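Below you'll find the structures, each written out as C-alpha cells.
The two complexes that follow have chain A in common; it is paired with chain B in the first and with chain C in the second.
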Partner chain A sequence: MRAERRLLATVAIGAAAIAWALPFAWMAVASLRPGVPPDIASLTPPGPFGLGNYALAWRSGSFPLWYLNTLLMCGGILAVQLVTITAAGYAFARLRFAGRETLFALFMLQILLIPALLIVPNLATLVRLHLYDRLLGIMAPYFASGFGVFLMRQTFRAIPRDYEEAAMLDGARIPALIRHVLAPLARPGLVAFAIISVTAHWNEFLWPLMAVVSPSRQVLTVGLASFTAGAEAGSAWGMVAAGTFLVAGPLLILFLLFQRRFVSSFMFSGIK
Partner chain B sequence: MPRQALAALLLLAPSAAFLLAFSYWPVLYVAVESLTAGRGGADLGNYARLFADPHFAQAVRNNLVYAVGTIAPSVTLALLFALALRDSTRLNAMLRTLLVMPLLIPLVAAAALFSFVLLPGQGLLDWYLARLGIAATNWLGDPDLALGSIIALTVWKNTGYYMLFFIAGLAAVPQELLDAAKIDGARALARFRHVTLPMLGPTFGFVLPIALLNALTQVDHVVTLTQGGPSDSTSLLLYYIYQQAAQNDDPGLAAAATLISVAALLALSLGTFRALDRGIHYAS
Partner chain C sequence: MTITRRAAMGAALALPAANLVRAARAAEPVAIDLFFPVPVQGMLANEMQTLIERFNGQQPEVRVTAAYTGSYDDTNLKTRAAIKAGRPPAAVIMSANFVREYVINDEVDAFDDLIGQDGKTPSEYMDAFWPALRPNAVIDGRVYGIPFQNSTPLLYYGVDAFRDAGLDPDHPPATWAEWVDAAVKLTRPNGQRWGLMFPGTYDYCGWITSGLVMSNGGQYFNHDYGGEVFYDAPSALGALSLLDLMVNKHKAIPPGVSDANACTGAFFAGRTGMMVLSTGSLSFVRSNMKSPYRVAFMPRNLRNAAPIGGGSLILPKGNTPERRQAAWKLVNWLTSPEISGEWSRFTGYFAPRKAAYDLPDMKAYVQQYPDAKVALDQLQYAVPWFDTYSTVAVRKAMEDQVQALLSAKTTPAEAAAAAQKGADALLRPYVERTALKLPA
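Take a look at the complex of A and B:
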C-alpha cells in the first residue's frame, strides 16, 4: 500500500516534469521541420526534417549583429562590474570607517530599485548624458551592483587575513593586494557573480528595448520580439522555433554543460 | 582623514557614482516629476489623474491577481517538486534539470514559445486537447482567459528556480529532528507540518520577496504577447508605466505610477522580511 502510493507520487511528479519540458521539445522538433506543415504542433511527426528553418531565420533576422551587440553588452557590463564590486566588497569586508553599516544598507537598497522599474527617469538621465540609443547607455545602470557588492563582501570575509598581512609586510599597497592576492582567492565568488550577471543581461528585454531605437544597436531579445512578430504573421512556426532556439540556445547549452556551477551560483542569488 | 577611511572612499567611489546616477537620483527625479510634470507649479494633480484613470485601477487589480496567481501555485509546486526530487538520484537530477530549464531562457523567448503553445486550434495545447474532444480555445484573445494564460506562462518559467531554494532548504533540516518526531509517533504529514515546514521559514523568507519582485518587475511577456489586452485584461503596473512613457507620452502619469510602484515594492519586501522574521524557527 505504502509502496504503491510512493510509486504513484513518483509517476505524477515525473509526468509533471516531462510536461514542463514539452514547450522545449516542441521547439526542437518544430524547428527541424521545413515549410508550413498543418500538423506543426505534433511532437512526433513523420518527417521530413532539415535545418532549413535555421537558415531562413538567420537570413530574415540580423542574428550576427544581435549576437555581437548582446556579447558586447554582457561583456561590457561584467567587466566594469567585476572592478566595482571587488573594490567595494573589499572596502566593506576589511576597512573600518565611519558610517560603514549605513552605507552598506544604502548599497543593498539598490537590489530593490530594479532598473526596469526606473525606466522613465533613467531614460531622461541617458538623454542628458548623451548615452541614449547607445549600447553604453543600456549598460550604464548596471555598472554598480548592490548584489555583487554583497556577494564579494561575503567572499572576502571568508578569506583568512593571514594572506593580506603577509603581503602588507612586504609593503604591498591596497590595489596590488586586491589584484594579486585577494582576487585570485575570491575567484569562486567572482565566477558565481559572472554567471548570474551574464544570464540576467543576456535575457533582459524591456530596458534594452527602451534605451535603444536604432536597429543596428538591438540585442538578441529585442531582435527576437520583432522577428517572431513577423514570422508569426506568416504562420512560419518552424522559423519562430528556430529563432527562439538561436536566442535561448547558447545559455541553455552552457547550463546543461556546467549545471553544478550554474545551480550553485543561482543559490547565491535571488536576483536574476 | 584616517588612512583606512581614505582608502574606503576611493574604493567605494566608482560604485557610489553609478548608484547615485541610476538608482537614487531616479527616485528623487520621479518624486519631483510626479508633482510637477505637465502642471503649472507643484501639486498632486498627476496623482489625482492617476487615481481617476480606470486603466490604472485595472492594472493594479490585474497585478494583485497576477501576484497571487503566480506566487501561490509556483511556490507550492516548487515545494512539492523539491520534496519529491530532494534525493540526488540520477533520475531526480534529470527531472530537476527539466524543471530548471525555463529559468535560463529570456522571458521573451518563453513568450515566443507560448504564443505557439496557446495558439487557438493549431497550437500545441489545442492540438492535443482536440484529441480529447475539447474544442479550440482563444487562450490569449479571450478577456476571461488571457491573464490566466499569462499566469500559467509565469508559473512555468519560475517554479524551477524556487524549487532550487527549497531543495537547499530541505537539505538543511536536521535529520535528528525528523527521527525524533518519528520515534514520538508523528506520521509523515505531521512531521512535514510540524518539523519540516517551520524549519523552511528562512527559505520562504527568501523565496517570497523574490517572487514578489518578479510579479512587479517582469512584464516582457505582456509586452510581446498581449500588449495588455484584450480590453486591459492583462495590463500590469509596469506595463501601464511603459505605456504612459513610451506610447501616450505622459511623463506625469508615468512618474506618479513609478513612485507608487517603488513604494509598494519597498513596503512589500520589508513587510515580507519582517513577517517571516517573526515566524522563522531558529534551530539554535
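Take a look at the complex of A and C:
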C-alpha cells in the first residue's frame, strides 16, 4: 500500500517534471535548426542542425552591453534590497514601537499592488529626481521590497533570542548585532530572497522598457524583443529560441551550479 | 583695490568665455529622441538604428537617439506615460489608428505650421501621399500624422496547393463566390490542408473583419467622426456570415483563433492553401517560403477594398519649438522618397509617398517582385484604418464576437447585434460630449 502510494507520487512528479521540461527541450531543438522549417513544432526532427541561430541572434543585438546592463540592474537592486529588508525585517521582528502592526500591514499591501499600475507616477518621480533614462531609475522603485521585509521578519522570528542576548551582554549594538549575529544566521532566507529578486528583475520587460530611452542603457529582455517580436509577420522560431537561451542562459547555468544550495534555502525559509 | 582689479580681470576673462560658450552651444546639435516599434519580424530594429546613424552623420544640426519601444501597443503606453511624466519624446512612429485618440486627448501637436514654413498648404503636402492614408493622418482639417510605413491585407496562395486542388494559379479567386469555392476545393480532411487561414488575434482580427465589411460595400466605421461604428449594418452581417460559412459550414478555415505564426507556419508547410496576411509580411514570406506562392487582391463581394494599416510619425505635445523643428527635419528625411523607398524594400511595407515609386531602384524592385506589384496595385482600392474614440476597446467589441463566431459559439446576427451594443456603450461618453451636445 505504502509502496504503491510512493510509486504513484513518483509517477505524478515525473509527469509534472516532463510537462515542465518539454518547452525547454523544444526550445533547445528549435534553436539548433536553421531557417524556418515547416515542421518547426517537431521535438525529434531529422536535421540538419547547427549553431547558426545563435550566431544570428548574437549579431542581431548588442548582447555584451545588455548583459552588463542587466547585471548592473539586478546586482544594484539586490545590494540595496539586502540592506533595506534586513533592517526593516529586524525592526518588525524585534523592535517595539507604536503603530508597528499597522505599518507592517501597509508594507504587506505593496505585495498586492500590480507594478504596472504605478508606471506613470513612478516615471513622473524619476523625471523629478533626474533619474529618467538611467539604470538607477530602473532600480529605484525596487529598493524597498514588501515581500523581502515579510520574509526577513519571519526568518528573524525563527531565530532564538538567546544569540542576541549573548551578543548584547558582550556589548554589541544593534547594527553590529544584525551584521555579525543575525544576518549570518538568516543566510538561507537572504539567499532565497536573492534568487526570487534576481529572477524577477532579470525577466522584467515592461518597466525597463518604460524607464529607459537610450539604446546604450537597454537590458536583455527589451533587447531580445527588439529583434524577435513580430506581430504582423510570422516569427523565425529558431532565432527566437536561440535568443531566449542567450537571455535565460546565465540564470539557468547559475541554478544548475548552485542547485543544492538553492533548494535547501527554499526548504529552510518555507517558500516552495 | 585688489578686489576691483580682480573683478575687472574676471569680467574681462569671463566675457569672451561667455561668448565662446554661446557660440559652442549654437553649433551643438539639438538632441531629440524618436520612439519606434517593430511590428514585423526581422532585424528591423537594427536597420532603424543604422538609418538614424546615417541621418546623424549627414547633418550637424540634429542628433537623434532612436529608442526601440516594443510593439505598437507598448509604444503607445510608453509614449502616454512619457507625456504624462513631462518627458515627451520629440517624435514617435505610432500605430496610424491611434493618432485620433491623441488628438481627442489633446496630447499631440499638428504639423500645419511646420508644413506652412516650407511654403505649402497642408492639403498640398498630403497630396504627395496615397489618398487612402489621409483620413488617419488629417483629423479635423489638420495634419497630425505623417505616414511612414503602411500595409494592407493581401491574399497569399500556394501554387502547388492550387494545382493539386484543380484550381488555376493564374486565376486566383477574385469574388467571394470564387473564394469560397477555392477554399472548399483546397480543403483536405483532418487538417491535412486547410482552404484558408487568417490571424484572428486582437488587432489583426478587427483589421481583416473591417476589410471583409468594406469589400461588401460597407464603411464599418464613420471615417470622419470618431463616435460611430456600423457593426450591425447589412454589410457587416454579410461579412460575418461569410466567415461563418467558411469556418462552421464548410470547415475550410480551422476553428478557433490562429495567430500570424500559425498562419505562416501552415503556409510554409503547405498545410493551408491560402492565407490572408499583411503586405508588411511580404519580405518574411519571400525569404522563408520554399515552394512557389503568389499573392492576390482581397476578394470582393460588392467592391474591391483593403484597409490601411501601419505607422505614422507624430509629434507629442510639450516639446520646445527647437525640438519640434529638429523633429520636423527628421520626419522629412524619414518620409523622403529615397528613404521610404529603401525602408519599403527592406520590410515589405509600401512607401506612403507616391514619388518613391518613380525612383529607379523602386521601379526595378517592383518589376523584380510581382508580389510587391500586386500590393502596390491594390492601393487604389485602399480604405482608411479603423480609428474611433477609445479605438482599442471599440475594436475589441467586434473582435470578441468574431472570435466567438470562429469557435461556433454565436451566430452572425447575434454577433453583429452584440458587437454594436458593446461599441455603442463604449462610445457613449464621447458621443454625449460631441454629436449630442446641443445648444441649450
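Here is the rule we go by: the second predicted complex is superposed on the first by the 211 of 272 C-alpha atoms of A that agree within 3 Å, B and C clash if a C-alpha of one lies under 4 Å from a C-alpha of the other, contacts with A are read in each partner's own complex, and residues count from 1 in each chain.
Methods note: a residue touches a chain if its C-beta (ideal position, glycine included) is under 8 Å from a C-beta of that chain, and two chains touch if they have at least 3 such contacts.
It should be emphasised that the depicted structure is a prediction, and the values quoted were computed from it without experimental measurement.
Judged by the touch definition given at the top, the superposed model places A:A176 against neither chain B nor chain C. Of the two partner chains, neither chain B nor chain C is touched by A:A105. Number of chain A residues touched is higher for B, counting chain B against chain C. Applying the stated contact rule after C-alpha superposition, one finds that A:W26 touches chain B and leaves chain C untouched. Looking at the shared chain after the overlay, A:L95 reaches chain B, while chain C stays out of its contact range. Judged by the touch definition given at the top, the superposed model places A:A87 against chain B, while chain C stays out of reach.
When both complexes are overlaid on chain A, the residue A:L256 reaches chain B alone and has no touch with chain C. In the superposed pair of complexes, A:I40 makes contact with chain B and with chain C alike. Judged by the touch definition given at the top, the superposed model places A:A225 against both chain B and chain C.
After overlaying the two complexes on the shared chain, residue contacts for A:A236 are found with chain C alone; chain B is out of touch. Contacts of chain A with chain B, set against its contacts with chain C after fitting on chain A, overlap at residues 38-41, 119-120, 123-124, 205-206, 209-210, 225, 228-229, 232, 237.
If you check the complex, the residues on chain B that touch chain A are 2, 4-5, 7-9, 11-12, 14-19, 21-27, 29-30, 33, 77, 80-81, 84-85, 91, 95-110, 112-117, 119, 122-124, 126-128, 156, 159-161, 164-165, 168, 206, 209-210, 213, 216-220, 223-224, 238, 241-242, 245-246, 251, 254-255, 258, 261-262, 265-266, 269. Listing the residues of chain A that touch chain C in their complex gives 35-36, 38-41, 60-61, 119-120, 123-124, 126-127, 132, 205-206, 209-210, 212-215, 218, 222, 225-237.
Across the interface of their complex, chain A is touched by residues 33, 35, 38-46, 49, 65-72, 74, 77-78, 80-82, 84-87, 89, 151, 201, 203-204, 260-261, 263-265, 268-271, 277-278, 280-281, 283-285, 288, 290, 309, 348 of chain C.
On the side of chain A, the complex with chain B involves touching residues 9-10, 13-14, 16-18, 20-24, 26-27, 30, 38-43, 83-85, 87-88, 90-91, 95-98, 100, 103, 106-107, 109-110, 112-125, 140-141, 143-146, 149, 174, 199, 202-206, 209-210, 220-221, 224-225, 228-229, 232, 237, 240-241, 243-244, 247-248, 251-252, 255-256, 259, 262-263, 266-267, 270-271.
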